[in-house]
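So, here's a batch of structures to check.
Common to both upcoming complexes is chain A, partnered first by chain B, then by chain C.
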Partner chain A sequence: MSENKKQSDEAIMLKIREDLLTPMTKFPLSYKIWIGSLLTIIAVAIWGYTIQLQNGLGETGMRDYVSWGVYIASFVFFVATALVGMLISAVVGLVGQKWITPISRIAEMIALAFAMVAGIAIVADMGRPDRILNLLFHGRFQSPIIWDVTVVNLYIFISILLLFLPLLPDLGIIRNHMKKDLPKWQWNMYNILSLGWVGTPGQYKILHSTLRVLLILIVPVAMALHTVTSWLSALTLRAGWDSTIFGPYYVTGAFVAGAGAVLVAMYFIRKAYRLEDYITDFHFDKMGKLMVLVGLVYLYFNINEFLVPGYKMKAADADHIFTLFSLNGEYGVMFWLTQTFGLLLPITLGLFKPFRKPFPMMLIGLAIVIGAWFKRVIIIVPTMIHAYLPIQNVPESFHHYTPTGLEITVTLGIVAMAVLIISILVKLFPVISLWEIAEEKGVDIHKDL
Partner chain B sequence: MSKKITPEATSRRNFLKKFSISVGGATAVSGLGLLSSCVSDDEEKVPMLTTDGKVINRDKSKLKLNLNEMQIRSREGLSGKKFVMVIDLAKCKNARKCMSACQGAHHLKPEQHHINVLQTENAEGTGFYYQPKPCMHCDNPPCTKVCPVDATFKRKDGIVLIDNERCIGCRFCIAACPYSARVFNWSEPKYYEGDANAVYDMELNVPQKKGTVSKCLFSADRLRIGKLPYCVSACPNGTYWFGDANEDAVTNGTSKETVRLSSLLSDNGAYTLLPELGTKPSVYYLPPKDRMFEYKEGELNYLGEEEPKGHHS
Partner chain C sequence: MNKLSKILSFVSISLLILTNVQAQDWNITAEQKDMKLGVAYTEDIQDAGNTIFKKSCKMCHGDVNIATTNDRELPLAPNLGATDWQGANTDGEIFTKISNGKGGMPPFSGSLSDDDRWKIVAFIRSSYSDYTPPVTDATADTKPKTPKFEGEIKDIEATYDDELNSFIVRIIAVDADGHPAKAQGIKLDFFVKRYFGDMALFEGERSNEDGEVIIEAGKLKADKDGNISIIARTSDKAITSEKTITIGYAKVWDNPILGRNIWGTSGRTPLWMLISYLVFTFGTLLVLGWAAFQLLRIHNLRER
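Moving on to the complex of A and B:
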């Protein structure tokens, strides 16, 4: 009996290793081209940034009235997308949903990558990046920026742990089985990173309880992260930002953006690594339903955010509402396109089973992600166009905001950096947790696999 | 009364102490011959005490505070003062001498306004008037609250300043200010070559620096030497009153007449801008009643502007 069990375990593990570890050893031409083009975009962006450093932020479309533009919008977008790590692993995982096993690591990788580049977007927006250490030397804890810096770093730290700790058993497997398939340095790296994991029940016990603490801890940290980010706007007196629901409005919007990003990543990783046996139609169906759920919650906050001031039409709010709602308003077309393709259509289509198949889900995810970026622009920019006092005695360019080519290039560079980090992580580490899959298939994992 | 004077006197003594130390330092350096190259004999000499107790004569032009001492005194502000401005909208004829005096003093570009004369109308059909708009130097300032590095702050004399040696250029203060009172140096400032060697004076915010925020300072450098702000002195029309709320006295920049602040405000039905936001401005407006001018359309649009359409449009 136990001999039979041992043999079947071996067979299952062999297949899992074959399926999940082999892609790590292969570097097909398509991967090289992909990395090469990301590096090219980043290089061009760095060149653009040096011009901005030399000549000042005047190289962007920002001016005294619209003094925050696509950099800050992108920052908010990155932080929003980064929240998906907490949504999938913590919120959905802690309530006992098992279907997240094959996608939780993808979500963690997205979370880590986007949280890391969020800081870069902020630095790109700074007039004096050379003085960034003033935040340490002269930091005022009363400023929401200090709250944000603190909590972003805390979130990155916990996200690294949430990515790394569940990797330990997998690293042990790689150390035991991949010595001849990997370059020496790489095997050595895994050997060191595995921290001597041998899979004793005691080790698993520590791992499980640590993960549980972290998964609970990351919920308030993630909430704090995006709430504080929303307060960068909501703590000012400006119409369009001066809102009491900005915290939950941002957090729920973040869940939608993150769900979209995971749908896109799931599709392409599954295709590239041929993981059809692991990330199945069932998982897309589940993710689709989750997307609809968080989308509906976000829609509810949207209705509150716009209907309440829209009903009262206080002078400054009325200007803001007109700019967004009227097709003659400066941001009317962008607003309705974003709300339609980034929220209303994804929710509606996601209600129907045929649209929750992998390919349509990927397309919907893509629309959500693009819409999420534009939504952040809509949150940040139009408010700044409406000052309380008339905008006079300044050049025409001060009245509006159009991002310059340089600004867009730098922004694309930061996006490319996030995608590059994800692309490297999925090559360096197994994208699906081997030991959790093995456990689900009934393999006895309490040993050196 | 003596109670009031003591802290001031102490701070003046401290100030003198620091002053003599810095001069002593400068002397020590010049003793090594580094600064002696440009001494001319006909310059006025001042007797000074060095750190080792000798009396020497120094050129008057060398007696400058170093940056650190300037920064410290600029952050402290003037004891016992609470500066206020009163703007009589009935008097403003849009001469714009305030704007040009300000831009000249603070080395600003034409589109950078520490003070900006707006044409505005309270509600449709109530008639346009000219409204000079400096920084309101709020007592509940939304801008200093959000600064992550304490680069912008409120002094004990009520003035809100910006330290462009510390500002990181995040522009959160610009986003937070409902009066759009702040400007940014989007590129190299106007006189950046000429100003390259100037010691930074926070109370003048010169030299301006690329990538930092600039704003109205109530001409803190002029107040320190007992003069009225640049804009106030430059006005030919008697629009500005400036003074100290603790003394309950304000002086007109044109006529130099001094009146009781509380009477000026209450007799004329003074108001502040956007009081509903709770910022508690230090700048008061007297309503544009019995205007001393005729409003002429379009005469101030020198930066290629359209006619204003009233509030919020």
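Moving on to the complex of A and C:
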């Protein structure tokens, strides 16, 4: 029996290795074009940024009143999307949902990439980035900014560990079986990174207990991260930001954005790596249902966020709400497009099974992600135009905010950087955890791999 | 055609606006114009009128400053001390204007009684030297309560009495013969200087038989040295005296910037906030450090 078992185990492992590790060794033309275009966008963005650095923030559309534009909106968007690592691995994983196994590493990679570029968006928004260290020397603990900087970094550390720890057994497998398929430097890298993983019960025990602690730890850290991000706005008296529910409003919004990003990434990774056997329609169906669930929660917070001030119509709030809700308002069209395609339609369509197939789910995910970005613009920018004191005796350009081409270029560059990090990560490391898949298929992974 | 219609509409709109502006008029009937002052023209009545004026009129019209004409730019409401205006209006006209209002001026017929509005007229008239009050029975037998002071006012002096906790404003005057005298019945104003405008403790108060006005200081706030700046003057502004006096102990002021408060500088972080920050940050780092140590343990298990 044990002989048979061993043989069947090895057959399964062979197929898993074949399916999941082969894409790492291949660099098709499409991948090269993809990386090349991302690098081009980043290069143009860097060129744009040097212009901004030389001439100052006057190159952007930001003026005295609107001093937070698409950069800060992007920052909030990146932080929001980064929260998906916590949603998928920790929240869904810890309640015992097994279906996330093939998705969790994708979610972690998205989380890490977006958390890393969030800081870049802040630096892009700074007029004097050379003074960034003043934040550490003169920061106030009373300010949410210092908390935000701290928590973003903690979140990045945890994300790295949460990505790296489950990789150990996979790195062991790569080290054992891929020596002749990989360049020498790459194999050496895996050899070092695998930390001498051999898969003894002792190693597995440490791995599992450490993972469990980190998965619990990431929940409060992620909640703190996005709550503090929301407090950057909510601790002011401004109309549209002066809200007690901004913390949960941001966190639930982040779950929606993250779910959308995972749907898109799942689709394209599955297509590029031919992983139809691992990321199946079943996973899209489950992800779709999760998206509907978090979408409904977010919708609930949206209703609270707008209905309550909308009922009272305090003067400044009324001004703000008119701008958003009336199609004649400055942000009316953007607001309704965002709410419709970024939230209402995804929830509605996600209720029906035919839409929870891979392709429609990818489209819906794309709509959610784009909508999520515009939603952050809507949260950040219109409030700044509705100051309590009248805006008077200023140039016309101070009354409105339109991002300049340079600003959009730099923003696109940062987005491209996040996508580039993900693209490199999925090429360097197996996108699906080999050992967890093997464990699910009943392979005795404690044996020598 | 298009141009013509534009011109036509412009002209007609302009006409509409013009007629509308012209329609804004006092509309005073001859009967109203002929009304006689409805109260006795005495100093007491004028004083009462002053009190009402300060409450209901001064916020727009400002002080009644005697001038030949209203030549000031602001405030928009005219200076009621302009003699040309005083001469052009009868008592009845002023009364009707107060009652009915016009444009930016509200009607006061609902908020002030007839009597009160007549008192305001009497007060306004008190700063018009050419005014001759209507002769009625009431004025005939009403003399001023106090005989008019005939001497010369030399100076005005304000002191603070610690025991009474009161300010004493005293007029220094000489009588017609040049001897020191007590000036009774002179109207005085008294202010405490504040950052944004002076605070009136009394205005238009008449001096008593000792030539003094005494007012309780109450719980006036002094500065850090216990000082207060006061201004005493005759209501006609002929003589003004301004000085700083000590009225009490230095005010102990808690500077809210100096404590450990949420609005303080980084060195004054509230302890609970500093502790939560440190516990959260280092707690998380500690767990991360522990996780890194687990990696080391895994590494150490590499050889069975």
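The criterion applied here is as follows: the second predicted complex is superposed on the first by the 449 of 449 C-alpha atoms of A that agree within 3 Å, B and C clash if a C-alpha of one lies under 4 Å from a C-alpha of the other, contacts with A are read in each partner's own complex, and residues count from 1 in each chain.
In this text, a residue touches a chain if its C-beta (ideal position, glycine included) is under 8 Å from a C-beta of that chain, and two chains touch if they have at least 3 such contacts.
Not measured: the values here are computed from a predicted model.
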| item | value |
| --- | --- |
| Superposition on chain A - do chain B and chain C clash or fit | clash |
| Partner chain in contact with A:Glu396 - chain B first, chain C second, else both or neither | first |
| Partner chain in contact with A:Ser8 - chain B first, chain C second, else both or neither | neither |
| Which superposed partner A:Arg140 touches (first chain B, second chain C, both, neither) | both |
| Partner chain(s) touched by A:Thr348 [first = chain B, second = chain C, both, neither] | neither |
| Chain B versus chain C as contact partner of A:Leu168, first or second or both or neither | second |
| Larger contact residue set on chain A - chain B or chain C | B |
| Partner chain in contact with A:Thr40 - chain B first, chain C second, else both or neither | neither |
| First (chain B), second (chain C), both or neither touched by A:Leu154 | second |
| Chain B versus chain C as contact partner of A:Met62, first or second or both or neither | first |
| Clash with chain B, by chain C stretch, listed 8-16, 152-160, 170-178 or 188-196 | 188-196 |
| Intersection of chain A interface sets (partners chain B, chain C) | 138-140, 142, 146 |
| Touching residues on chain C, where the partner in the complex is chain A | 262-266, 269-270, 273-274, 277, 280-281, 284-285, 287-288, 290-292, 294-295, 297-299, 301-304 |
| Residues on chain A engaged by chain B in the complex (per definition of touch) | 55-58, 62-65, 67-68, 122, 125-129, 131-132, 134-135, 137-140, 142-146, 149, 232-233, 235-238, 315-316, 318-319, 384, 386-396, 398 |
| Residues of chain B that touch chain A when the two form their complex | 99, 111-113, 116-120, 133, 142, 145-151, 166-172, 174-176, 178-180, 182-188, 210-213, 273-274, 277, 279, 300, 302-305, 308, 311-313 |
| Touching residues (chain side chain A, partner chain C) in the complex | 138-142, 146-147, 150, 154, 157-158, 161, 165, 168, 195-198, 200, 202-203, 206-207, 209-210, 213-214, 217, 221, 224 |
